[in-house]
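In this document, chain identifiers A, B, C, D, E, F, G and H correspond to the written order of the chains, with residue numbering beginning at 1 in each.
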Amino acid sequence: MDLKTLLEQYKAGKLSVDETLQALSSSGMDELGFAKIDLSREERTGIPEVIYAAGKTAEQVEKIALRMKDQKKDVLATRLTEDVYNQIKSKLPGAVYNPLSKTMVYQTEKKIINQGTICIVTAGTSDIPVAEEAAVTAGFLGNNVFTIYDVGVAGIHRLFHRIKAIREARVIIVVAGMEGALASVVGGLVDKPVIAVPTSIGYGANFGGLSALLSMLNSCASGVSVVNIDNGFGAACQAHLINKL
Amino acid sequence: MDLKTLLEQYKAGKLSVDETLQALSSSGMDELGFAKIDLSREERTGIPEVIYAAGKTAEQVEKIALRMKDQKKDVLATRLTEDVYNQIKSKLPGAVYNPLSKTMVYQTEKKIINQGTICIVTAGTSDIPVAEEAAVTAGFLGNNVFTIYDVGVAGIHRLFHRIKAIREARVIIVVAGMEGALASVVGGLVDKPVIAVPTSIGYGANFGGLSALLSMLNSCASGVSVVNIDNGFGAACQAHLINKL
Amino acid sequence: MDLKTLLEQYKAGKLSVDETLQALSSSGMDELGFAKIDLSREERTGIPEVIYAAGKTAEQVEKIALRMKDQKKDVLATRLTEDVYNQIKSKLPGAVYNPLSKTMVYQTEKKIINQGTICIVTAGTSDIPVAEEAAVTAGFLGNNVFTIYDVGVAGIHRLFHRIKAIREARVIIVVAGMEGALASVVGGLVDKPVIAVPTSIGYGANFGGLSALLSMLNSCASGVSVVNIDNGFGAACQAHLINKL
Amino acid sequence: MDLKTLLEQYKAGKLSVDETLQALSSSGMDELGFAKIDLSREERTGIPEVIYAAGKTAEQVEKIALRMKDQKKDVLATRLTEDVYNQIKSKLPGAVYNPLSKTMVYQTEKKIINQGTICIVTAGTSDIPVAEEAAVTAGFLGNNVFTIYDVGVAGIHRLFHRIKAIREARVIIVVAGMEGALASVVGGLVDKPVIAVPTSIGYGANFGGLSALLSMLNSCASGVSVVNIDNGFGAACQAHLINKL
Amino acid sequence: MDLKTLLEQYKAGKLSVDETLQALSSSGMDELGFAKIDLSREERTGIPEVIYAAGKTAEQVEKIALRMKDQKKDVLATRLTEDVYNQIKSKLPGAVYNPLSKTMVYQTEKKIINQGTICIVTAGTSDIPVAEEAAVTAGFLGNNVFTIYDVGVAGIHRLFHRIKAIREARVIIVVAGMEGALASVVGGLVDKPVIAVPTSIGYGANFGGLSALLSMLNSCASGVSVVNIDNGFGAACQAHLINKL
Amino acid sequence: MDLKTLLEQYKAGKLSVDETLQALSSSGMDELGFAKIDLSREERTGIPEVIYAAGKTAEQVEKIALRMKDQKKDVLATRLTEDVYNQIKSKLPGAVYNPLSKTMVYQTEKKIINQGTICIVTAGTSDIPVAEEAAVTAGFLGNNVFTIYDVGVAGIHRLFHRIKAIREARVIIVVAGMEGALASVVGGLVDKPVIAVPTSIGYGANFGGLSALLSMLNSCASGVSVVNIDNGFGAACQAHLINKL
Amino acid sequence: MDLKTLLEQYKAGKLSVDETLQALSSSGMDELGFAKIDLSREERTGIPEVIYAAGKTAEQVEKIALRMKDQKKDVLATRLTEDVYNQIKSKLPGAVYNPLSKTMVYQTEKKIINQGTICIVTAGTSDIPVAEEAAVTAGFLGNNVFTIYDVGVAGIHRLFHRIKAIREARVIIVVAGMEGALASVVGGLVDKPVIAVPTSIGYGANFGGLSALLSMLNSCASGVSVVNIDNGFGAACQAHLINKL
Amino acid sequence: MDLKTLLEQYKAGKLSVDETLQALSSSGMDELGFAKIDLSREERTGIPEVIYAAGKTAEQVEKIALRMKDQKKDVLATRLTEDVYNQIKSKLPGAVYNPLSKTMVYQTEKKIINQGTICIVTAGTSDIPVAEEAAVTAGFLGNNVFTIYDVGVAGIHRLFHRIKAIREARVIIVVAGMEGALASVVGGLVDKPVIAVPTSIGYGANFGGLSALLSMLNSCASGVSVVNIDNGFGAACQAHLINKL
């Protein structure tokens, strides 16, 4: 119920002052005590509430997932360890767990928002888990996804071999650790928005992904923006918002 | 000339092997000695070559600008001090300098790529120069732009007053210094891609914009990506690539 | 015995010079060898000596707790692992362990210093352990506490739903990880002191809570001060000193 | 006009739907284009809108100050250089500029909210400008202030000489650079809330105040909270919110 | 054999040119392949070669210790885990392991270099392991040591109670984590050199001891120097060099 | 097939346009899905593709190694845990695992590119694993290697004892943790390129090798360059490229 | 007057209670309002109060210096710009300004505490100003000082040329920027305490002296302690406390 | 005079013991008081003593340069401001100042060590000053140098256009700011040693060149080593040592 309708109903006497005030602020929230499920999030932001499972107990994940299911919502959980998944899977028949991306999806029907595609590119084999988190998330949100892995700049011809396919996507997610140079190189070759995801892959002075993060923020290519280190989920969310325009 | 055409002409004998190889690599570059102007950049990346004037002498800026003008290219220079502008303006009649954003635009014809709008929001008055760099750039690239300034979260009702207008844009650029919280708040209220620009505004432990940068990278809202500190230009470029989809 | 009384007794011959000097410096300290219990701390600072259990052996915690109990002092231990608690609980019948906040309380009588309340708010579910450390500490010190969890700015209506309750508290503790924006938003909506607690919750470039810490220190809202990362205990102590004014 | 009144007036037909919606969000804001003055801030947060002059032009500061004066508001500007003040002072007869704290105050009547005092303590002589920013701000907000300067721990007897006076305040602001130890020492001697302000005073590895900031955040005294480096204004705001309880 | 003697013997024909050159560079070194024991270190630097056991295998520690014993050298190993000690103790009868400081000492005769004492002070109970590393090392090198633990500034009277004893030492080692303020306070009260050892004790923004390190480096007391975080051994070495003057 | 040959064959009609384009970009790449083996890397860069095993599963390492073996390539895997090696060793008879350097080498024939030698020097015993990674890599690439361990500057005569041998090498790799001073000292004594490898050995404020890294980057000796922390492999690669000149 | 004497006089009736209490805390302090001169500092800490002129106005420096002179104290001011000195020199006839070290000394009589010497060594020419601050301070405090400049490890024979002289000092101060290796090399060659002073000399990733600071803290030589970056004064103070033992 | 000769002369009675000892350590050093010129540096390290002019006065630079000229040494000064050059140029007729690289060269005869070339590549126009410092230094040392400027990865075809020329060099120096990706791309395309020089060019989160530095240290290409930020001189020195092999 939007604000205007709410006021109309109030004026028409269908709602008391207190009911109106309560509705004004509480709409779209389901209270679990330890969590407040944001039921209107998809309508408001284009992305539904998702369970970020890191730091939550198995019991908490289960309760939130079941409540969402009761509300006829699709469920996506990220950063879900295999151990926690095993504790809750009997309660969520039909949920699909992906050990590589550490995601669980429960979706009654696969949706596709449009014909555009999101291309996810990694620099190395070790970046694949982050890329898979992005791929699962983007797919869950209704996007066509295709992935191209291990085309880092140490052997740049591997990238050129696939550049045509990359250029045909509507949005490109580049996932890279170490020096993260792939984001700049791709950004200099395509005319589509590039979302760069630094990963914590590397050793020595990579400082948990800081080297790739700074590299991507300082990219000399001008159509590149960046999300947090290892944040495949966030990259997919923004790619989705772009793709559904 | 694209790769396939090049090879066809070679096969047809119109180009020698050496001419073909040279063309394969040198197309779209204009050599100035101290700089190589990337003439094919717009075709390739959707964004033309732009003069980043910081660290360049007045003479260098002038030479590049004139060469681009000779090539019938529009000219945008960023980070151009008023002092440098004054040294070169007599050579570039018709160029428009904006002292707030430190940009110079020479454009024969105003272009508009489509009806979509880019909304640029700032948290405070001090963030306006960065926002203006974004606004000038986005306008130069052919986008409709509107700006909403000084709606930071210390008085969040100022934001709510304008939220309807913000939600109608296709892309939103949020420019904020200090703690950068505005990006998360906006990201939680709209269903469009949000590009966050941290600024170096603030004092104490803001460390030249690091506080806002980290804040934005760690945003709890999921459709937010980030560009470099004070990089209004980069934000506008990505917003443009999104808007022209 | 205060300084003036001490000198009077000395002049009256009730104390020798040496006794006076000793008393001048040693009053209010109980020596355990590896630790010196600060018995006058509550009188001096308004907050009694508390056992910070991290880095102490079970034997050390037990000895300090028993000595305090012997001295008729209430006992609060923080950062106490369940493992250590299990080793000592038989010696401290009546002590209550809270596994969520990792605190142990031994208190003969629940005290309430006044009618004011301290409101503890978290941005997410994962911030609850830190909030609970604050809640247990504030309760132990004699304050009325109420908690509101999971009202982060990604769904800001959840906060507005409870803002009236928050505004009625005398002191507000905001516990948030990731970008820590909740502290600024709450600070901009209430006329009471806000104590912000950054948490180490998050991933990527949050650097163990640094992102939330910097964000809170740079808050654009002007009534916000900050304690150390994850320091629910410290926030509760200051809230207590404020509430008992 | 509060929310309930607004709805009542709407129901009574005194306001149209559009007028109500507009009022719901725009109340308490005065639009200047480059700035939106938050007129309801004092009512909402206990602290009026203040002009943070760093990064604002003389013209902007003047316009905001005059508009506030027109609205019968007292005016406080911080981080105002003497140069900017000299450009605008003829327009603001009666305003008082303090070159040490770089503040300008225009206040028709000195107000005192209650009998409580705020004590401001510095470690050294070089910390005085930050302390003066706090003193001017706290006085402007209606608090009794007294200051004790240069009592750092290198000569700790200087502090003990004044400890009785410090203990009698309701709130204590400790301003210190270098290693910031004074905050912990004071915190261990008083039963009142201590707000620590790290300053950027020092040399070598103080990194612009980082050493004092980290020191204060890690204080072993439990009633200490911290504001940003050199942020005397913020400390005074929180001290004011505490003192007016 | 010193340089002059060496040359004399060469001139006298007792040594060939090659023997002289070899002797010039190889004197005082015992080659183990994976390690070169520096037999002349004590003569040269006043401190004998000590086994830093971190990162060495049990076999390596054993071989070095036995070789030193064969050379009639006393043996001190630091950072020796209990596990490694248990693997080698049967080969080193008479060695004494201290689990708190993680040191092993094999010494045929207790030596005392002079009557001066080194006083080791800690701020808290958790700093004791680092202090014990210093105490064992200083004792091994022949110094009288006495320790005063848990006198941090949160209860500064505990320090004053012992200040006379502290002032009587020739050198003072202050071991403190968290904000490290104790070093400045002690430094302001004594006329002897103070060596400050920051520890990694603390939580939140202490960054593995960085807060105490920066605090101590920025000490406002002027007779304080600093060694590395948790480096009790290094502090003891310098204290020894000072004490034996 | 090089570019010119490719175009000649195309002109001669031996290749279609599409075949030519495909060949232009795909030459020298073997696709495994999760990885793309860069078969032309040795020809292009002088260093063959090497398996960086960190973050790869045993199955991935095995598949890549077998494919390389099928292609008649020698195999080097670095950062290979003993655990992973044990899972795959039965499939790679003849492979040699080195537990100290965590490398696996499968090489049908030992090659030697020339008579020049690479000298690898360490400051301490704990730096040996990194040095061994360099030694195994340099040997695998066909270089003569000799190693000198434990000659750090705390006992600088140990270095002088071997300086003649060091000066005879063509390239010198200096591996050092802690303060990394050995690189500067060696750099000041030889007229050959010195490649410095900082290691993460040390404690306290070494910050995972940052102290040695910064020290080496700031070396006052002018012929020193640096690779990443603990990156023995990278140092050996550059030493090899230099040695084969 | 010491504590015991004070109490005796009180008992004897020579002092009232109030006089005693006042004396207990105020002894040895001279109040200037903006500063409190610590007159008992030399007696208490072995080092007199010194004027740290950075951040003080010419007027403040002058007032403190004159008051100290009135009290028959010698005066040392550090970090005194030539500009400030010129403003005050007419009031302090007899004061000696050293533009290299930026120090001013007013001393009625040169004192020498004993025959021991302090040796000050620099790595380069650019480190001399910091070394001179140490030299002036140590001389002012009554020590024999000799200096050896420009003996950094890039040409280590320059150091060996002077090592005998260095070894004869009682305390050695090593001043070095860039990688700071000189401290470790000297520390490995002498049996006297070495105080290392990192300087901010260098470029690139020296981060204002951080590289030398970390290098010195991580020194592999065991008798080295460190003071703050560029803190020649602090090094001299500790060297003085050591030398006067 | 080498060590062996020295000993022979001693044995032959041509040198006394004292003369021998003196010669052993003082050979090859010219004492100026504030500096010790290292005359044997070229023989020892392959690179002559060079004047690093930053932080030296005009008088010091002049004295060192003249002394070197007197010794028949060629002179190279780096980081020499135009202002200092103007003060000394009349004393050094024949010296050539390069304002772009801020270098001064006085060389009686141009030397060429061999036919190999050093190729210096920059990513952008703003990196040219650092590249020129490298070019002047390498030329001074006797190397053939050629430069290729402005071929950064935002327009990677500019690089490919010149890759043949780059591959023909013996050593390649890559100079790049911002994200520094060019080093990895070049490293992946050539079989010669690549020395990467990060520059401080860029804005926002480039932190004075840290982004490019970390990027280059973490390069996925394996033949790349790194020198300090903006250190064109150091890169040229190592390139020279490699080229003269």
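The rule we apply is simple: a residue touches a chain if its C-beta (ideal position, glycine included) is under 8 Å from a C-beta of that chain, and two chains touch if they have at least 3 such contacts.
None of these values were measured; they are calculated from a predicted model.
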For chain E and chain H, the contact-path distance works out to 1
Each chain counted as touching chain D and chain E at once: C, G
Between chain pairs A-C and B-C, which one is joined by a greater number of C-beta pairs in contact? B-C
Per the centroid of Cα atoms for each chain, what is the distance between chain C and chain G, given in Å? 41
Between chain D and chain H, what's the gap in Å when you average each chain's C-alpha atoms? 52
Residues of chain G touching at least two other chains: 44, 154-155, 187-189, 204-207, 210, 213, 217-218, 221-222, 228-229
Per the touch rule above, enumerate the chain pairs that touch, sorted by label. A-B, A-C, A-D, A-F, A-H, B-C, B-D, B-F, B-H, C-D, C-E, C-G, D-E, D-G, E-F, E-G, E-H, F-G, F-H, G-H
Using the touch definition up top, name the residues of chain H that touch chain A in the complex. 123-124, 152-156, 178-181, 184-185, 187-189, 202, 204-207, 210-212, 214-222
Sites on chain F touched by chain E in the complex: 125-126, 128, 149-151, 154-155, 157-158, 160-161, 163, 201, 203-207
Where on chain A is chain D touching in the complex? 3-4, 7-8, 10-11, 17, 20-21, 24
Of all residues in chain A, which touch chain C in the complex? 25-29, 33-36, 38, 40-41, 44, 49, 52, 54-56, 60, 79, 198, 200, 208-210, 213, 228-231
Could you please specify the touching residues of chain F with respect to chain H in the complex? 43-47, 50, 116, 170, 187-195, 213, 217-218, 221-229, 233-235, 237-238, 240-242, 245
